[in-house]
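Read from first to last, the chains carry the letters A, B, C, D, E and F; within each, the first residue is number 1.
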Amino acid sequence: MKREEVLMEALPYIRKFHGKIIVIKLGGHAMVEEEVLDTIIQDVVLLQYVGMRVVLVHGGGPEITAKMEMMGKAPKFVEGLRITDRETMEIAQMVLVGKINDGIVSLIARHGALGVGISGNDGNLLIAQKMDPRKVVIGDEETEVDLGHVGEIEEVRPGLINDLLEKRYIPVVAPIALDRQGMILNINADHVAAEIAVALNAFKLISLTDVDGVMNEDRTRIYRRITTSEAAEMVRDGIIAGGMIPKLTGCVSAIKNGVGSAHILNGNKGHNLLIELFTDEGIGTIVMP
Amino acid sequence: MKREEVLMEALPYIRKFHGKIIVIKLGGHAMVEEEVLDTIIQDVVLLQYVGMRVVLVHGGGPEITAKMEMMGKAPKFVEGLRITDRETMEIAQMVLVGKINDGIVSLIARHGALGVGISGNDGNLLIAQKMDPRKVVIGDEETEVDLGHVGEIEEVRPGLINDLLEKRYIPVVAPIALDRQGMILNINADHVAAEIAVALNAFKLISLTDVDGVMNEDRTRIYRRITTSEAAEMVRDGIIAGGMIPKLTGCVSAIKNGVGSAHILNGNKGHNLLIELFTDEGIGTIVMP
Amino acid sequence: MKREEVLMEALPYIRKFHGKIIVIKLGGHAMVEEEVLDTIIQDVVLLQYVGMRVVLVHGGGPEITAKMEMMGKAPKFVEGLRITDRETMEIAQMVLVGKINDGIVSLIARHGALGVGISGNDGNLLIAQKMDPRKVVIGDEETEVDLGHVGEIEEVRPGLINDLLEKRYIPVVAPIALDRQGMILNINADHVAAEIAVALNAFKLISLTDVDGVMNEDRTRIYRRITTSEAAEMVRDGIIAGGMIPKLTGCVSAIKNGVGSAHILNGNKGHNLLIELFTDEGIGTIVMP
Amino acid sequence: MKREEVLMEALPYIRKFHGKIIVIKLGGHAMVEEEVLDTIIQDVVLLQYVGMRVVLVHGGGPEITAKMEMMGKAPKFVEGLRITDRETMEIAQMVLVGKINDGIVSLIARHGALGVGISGNDGNLLIAQKMDPRKVVIGDEETEVDLGHVGEIEEVRPGLINDLLEKRYIPVVAPIALDRQGMILNINADHVAAEIAVALNAFKLISLTDVDGVMNEDRTRIYRRITTSEAAEMVRDGIIAGGMIPKLTGCVSAIKNGVGSAHILNGNKGHNLLIELFTDEGIGTIVMP
Amino acid sequence: MKREEVLMEALPYIRKFHGKIIVIKLGGHAMVEEEVLDTIIQDVVLLQYVGMRVVLVHGGGPEITAKMEMMGKAPKFVEGLRITDRETMEIAQMVLVGKINDGIVSLIARHGALGVGISGNDGNLLIAQKMDPRKVVIGDEETEVDLGHVGEIEEVRPGLINDLLEKRYIPVVAPIALDRQGMILNINADHVAAEIAVALNAFKLISLTDVDGVMNEDRTRIYRRITTSEAAEMVRDGIIAGGMIPKLTGCVSAIKNGVGSAHILNGNKGHNLLIELFTDEGIGTIVMP
Amino acid sequence: MKREEVLMEALPYIRKFHGKIIVIKLGGHAMVEEEVLDTIIQDVVLLQYVGMRVVLVHGGGPEITAKMEMMGKAPKFVEGLRITDRETMEIAQMVLVGKINDGIVSLIARHGALGVGISGNDGNLLIAQKMDPRKVVIGDEETEVDLGHVGEIEEVRPGLINDLLEKRYIPVVAPIALDRQGMILNINADHVAAEIAVALNAFKLISLTDVDGVMNEDRTRIYRRITTSEAAEMVRDGIIAGGMIPKLTGCVSAIKNGVGSAHILNGNKGHNLLIELFTDEGIGTIVMP
């Protein structure tokens, strides 16, 4: 492909996305492999250069687990949710806000842009509520397990993010929030990204994961373009499974609440973000209304 | 070259040029071959899409000559300057303003942007003065030849262009102006482009011609990057000759009066404008301070 | 009449018209006799001085005909409409845009204000559509005659005019426009003036003609003040005839679409424009709702 | 003179004065004869209509004297200055602020504009200082006479007037002010007008009096146009005498401190204000730099 | 009460009232006893210091009576309304506007803020209408008594007050206004304050009187907090009597028309205004919706 | 002291401080005893309520030490500076940013205002440089000890803080920053507070400590008011010793670089912040130019 063709293909996208809000969820290897994160942040800074307004949301499960183990605490999960006692919550908060979030902000600075790390507490961004206890069957008995400091989003107040975007900062959001009683809670980062995208009336929600997109049952083919109803069908028919289910339902819900489109793509492969955004063909899966 | 590489190379330029004023002189085949002009206008509209503020300046000598011949008038030149009597001036004005200029504006509309055609009269953009008569030797005798309606720029009042750029129009300038006595004059378009670039404090002045750039004496090599002092030396040493001399001295003068850089490149080859602006290597000659 | 009485009568009008948009159609001798045009432009500049926002619209039929004859082409008309082949259209465009329009702009400059000449192409001001062929009876046979490049206004996008007025320029409009397929068309100037007045929600539409106003059947009396329904009646009852019919129906249509009032007056007599606007009595015919 | 000639003469002045600040001192009969004041206020409202920003300053000596006599107090003067005890001051304040000032404001309202009456206290407009005692010779003895509540302007803080002008009100100023100790003082209105004109950097200072302008010694001729140095000479050479001296020196001082020009004219004759401002010839005396 | 407790109690009120409009009616001794007025103005300036936008409205009945008696005129009243002939009106206007109003403005200046004294004429603030004649029984006969220059408010045009507040001045309003025929009228100051509070959509209306608030029948207890319906009941049941009736009905009407709350308190006791506004307990009576 | 006296004393301060920037360093018990921090944040929110723009800076030494010990690491100090290896730095960052900073922000939310936690990385607020190694004598030998991740401020870029203050957030700063090579460094919080106060051109710098202010040698008396030269003398003469030296020299340096005044007071005693700011007497030590 000739350079001028790449450019002529890309320029209309660059214009179309100018000034638009894009929420990017960083997941998978991005948070662990330095080089991957570095490439992503480089691309994010380029997006901001050409006029987009980017919001990053990150998780940090593996690092929390690692830090817990280092401190001699064994992580426990129920239905994939971490049972989070007070001490665990303190570790999670320190890792998410003090290590990962602040680290991403430093990396943005190294690539020449200005990031601002925030948690759900900053500017009262997120109001959460504690999750209901889970019913677990141990032996013959069903018992209720309190998940501790694990929450769901009840409300997003996007004022601070809008204020930061207006001043050309890249907000970096750690998935931590208070509930109305002032209890600190850990929240699923995919959930946070989708809810923030809705609250900001974002143009796009992009999920950077470890796989190349939404794939068919035998993993031989990526779906490049699916509608929200097709996505719902796929989930219902069991074509989609595992960790992709929540991502896909998150995308569907975001679009139904006003987000323009949602993308799922592999963040581990160099500059996929640019290819997805600035070429006609793209590289991952786009979910559209 | 991979797509992501083209993009990563281009994006920083796109950012750097955002909001910058670029004056482009259209010359050579551009004004005659429809397809060439079409490609150039397509690129110009893309430049505007991604945030640049583009001003076009055009000439029209060949078309004036053609129209004159059609009307049974033989064009006469002295030192390459057209002797322009009142009737010739009327033809020139009609061709430049009524045909070429309005035609470029239509083409911009067809490519989805908004152009506004102006001459030096509009908004008092240009104040000119009549050129002094030329001394010519005919046989043994030296005689003075009055050039008629041929002028030089005395003053640029860029208010109207700034107003149009502010409102996101693409101004298209025909090289016609009044002198202080109200006499209408035809002016060299390269001159107009350079003076307007200076008056606008433009970021770049780009001259689209029929050759690939500034070339060495035996036309085997293009100079990709020359300084104003190198350019002056080349002219002095006779390395540069013919029609390139005024273009190059125009570029030098523009840069010395504050324009960021000047480019000379072949406008006849598809999308050279994009390659020159958005790749590290470029394709023509750049003149820098 | 004493000076102070003239002033006391005029000042309230000056205040009332301050900042108001007035569309003036220049017709008849104005475009041919230099002195008449000079007086009108002098008045127009005074109007702008005291705060009005003036838009000029001009035609140019006689000059197009003259230029065609000079180039050995015989003009042909059907139902008063010029049959406009490609070559004729090029002449019309050159005369209207390159000669008349640019000439008016020069004259405005000479009187100390700033004009900007535009055609329907500039800023996509006018979208036209080709007129349907006319049925003509030649001998016994009815045949269809294609008018060529003759159009009607389909849409006015007044953005550019508003932008120019905001910056205190006097827009001068040539009645040329593209249709949606990019075909260039010549349009009736009275029509253009009325449609632009409507699109700008103008305060007044003024038609400068060769007669003193709307007159009674035997041309002994001018009607000074008529309502739109009276005007419609006059046309219906055959009191009004000839070239005044389209002007009057144009005024009626403009007023019905929101223009405040419309005036028809003799532009050939010195400073009628001032008398009409700044005296209680006026001098031509005013059409009101 | 034909109507169009009056208009063509007036319109450039109307444009030139648009947005300019004009300080008008009302004196003489204006404050006593209702009809005269009514005509002046009518003209003032017209001036405001056409875009000028007018500030009125008034005196009120005759009315103060009348009210004092009504209350059985005999007015006393030293060197033309009223000896103003506490009781006299209260009467002066009530007459100036409560009667004359509020009356002018009502009259402005009746003519359709919005006035705001202010004294030097409002918005701390004026800071005054008590005048030094006067030396008087009674019989053989020289004695000092304290003038009481009589002051001179020390400082003008034009903020309130500018705020009112910005909002299109006509400020009407009564010549009363506090000194830095909070003592209320009566001040010469000519002085107040000149100082306010300077503080506002006014375009014109106009003094409406009972005579037709600055006249020659034998009162046979009005000087229509004098420079500040000619004016100074006239005063020095005794050509000017009596009440005109302070008016003329006031004008000179105002112009030397930046006011554009000063006019002295007869306010008792109908609409002189309009004639002076909007005709080439004028009607009173203009003092220029 | 410890200092920090007073502060912690006051600060939230200070914040809550920031930028809010408060209309304060000055009555009773305030206008007669210098020390009382001085304390009130000191408090008013403090209120403005901390960000409130204060409008003062004053009456002046006792001073008008005094001045009339000084001038040998006997005041006459019908139903508590002063019969106001032309001469009386002139005295009222001079006292209210020239003495009391200008005096309050001076006092504001002495305390370091900027006041602007206005009557209903300034900026056409108030449009009034003459009151209907009163029926009076003298001996056996009922006769109609014309009250002369006594009016009621017909319309408030709060533009000038808003303009002054925006520029941080304290407007001081004298209860004088023209009717639509240009007749000058004296108006009840409580009425003016309530109507202005409504027109400004004020946050609070505060009436400073000679009593401590709304009291029960035997004057042993102040009601600290009453609703508009309780207030209406009290009046109906005769618990409230005399001069308090119009104040209370005024408050009720203001609140019903959008004013946030109304306060009636003793202005003669030092700094009650501060206590009422900045303590939880308050000191007078607050009327709420 | 009566309530109105407290109010009259406080209101002028409230006005004076309105819109002013105040940098508060939280130290000592504030970070450890919940109730103390709660009282301080309550006061800080009140300050913001009444219009001040508050910036908080906190340290966290004791908590870092505690966390290190919990993780089995023994803290080491040289000249009072913590030797900070990579692992220690990670703990410091997690404690400062993830625990203390985010905790203060939560507390601000609980008191009804909006805080935003930032480190020196956010918005590139702080650029630091690594501290030089310290020379230490161990036994007979002098050896150099590298302090690791310990830095000094090289540059403050206050853009982000100004942006947050403009939008009415309370910025909470953790003393962590990158150097120009991207190395993360721990910085003394007193130093950060003083440098930020200078960069913001703050009105006040307030240091909340464990002692009542600057005391004389035998700790019997607090100095209430000292100049920067007196402070310098005290340090030179050894009157001041220990931890107070750096605080005092920090204050002196801040004032010399444009901060209005600096206060040192006991943050452990309830609402001292309010007393210091809003009473004439104050409660701690004020350092003035």
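Here is the rule we use: a contact is a pair of C-beta atoms (placed from the backbone, for glycine too) under 8 Å apart; a residue touches a chain by one contact, two chains touch by 3 or more.
Just so it is clear, the structure is predicted and the values come from calculations on it, not from any experiment.
Hopping across touching chains, the smallest step count from subunit A to subunit E is 2.
The minimum number of touch steps separating subunit B from subunit F is 2. Chains that touch both subunit A and subunit C: B.
Distances between chain centres, each the mean of the C-alpha atoms, put A farthest from subunit D. The most distant chain from subunit E is B, comparing centres defined as mean Cα coordinates. The chain pair from E-F, B-C or C-D that repeats the A-F interface, sharing more than half of its contact pairs by residue number, is B-C.
More C-beta pairs touch across one of E-F and B-C than the other; that pair is B-C.
In this assembly, the C-alpha centroid of subunit A lies 73 Å from the C-alpha centroid of subunit D. In whole angstrom, the spacing between the mean C-alpha positions of subunit A and subunit B is 50. Measuring from the averaged C-alpha position of subunit D to that of subunit F gives a distance of 61 Å.
As a whole-number value, the distance joining the C-alpha centres of subunit D and subunit E reads 35 Å.
Chain contacts: subunit F has no residue touching two or more partner chains. Chain contact topology: the protein chains form a single closed ring, every chain touching exactly two others. Passing around the ring starting with subunit A, then subunit B, and so on, the chain order reads A, B, C, D, E, F. The touching residues of subunit F, counted against subunit A in their complex, run 70-71, 90, 93-99, 101-102, 105-106, 109-110, 114-119, 121-124, 159-160, 163-164, 167, 169, 176, 178, 182, 184. Chain contact summary for the complex, subunit C toward subunit D: residues 1, 3-4, 6-8, 10-12, 14-15, 18, 46, 49-51, 270-271, 274-275, 278-279.
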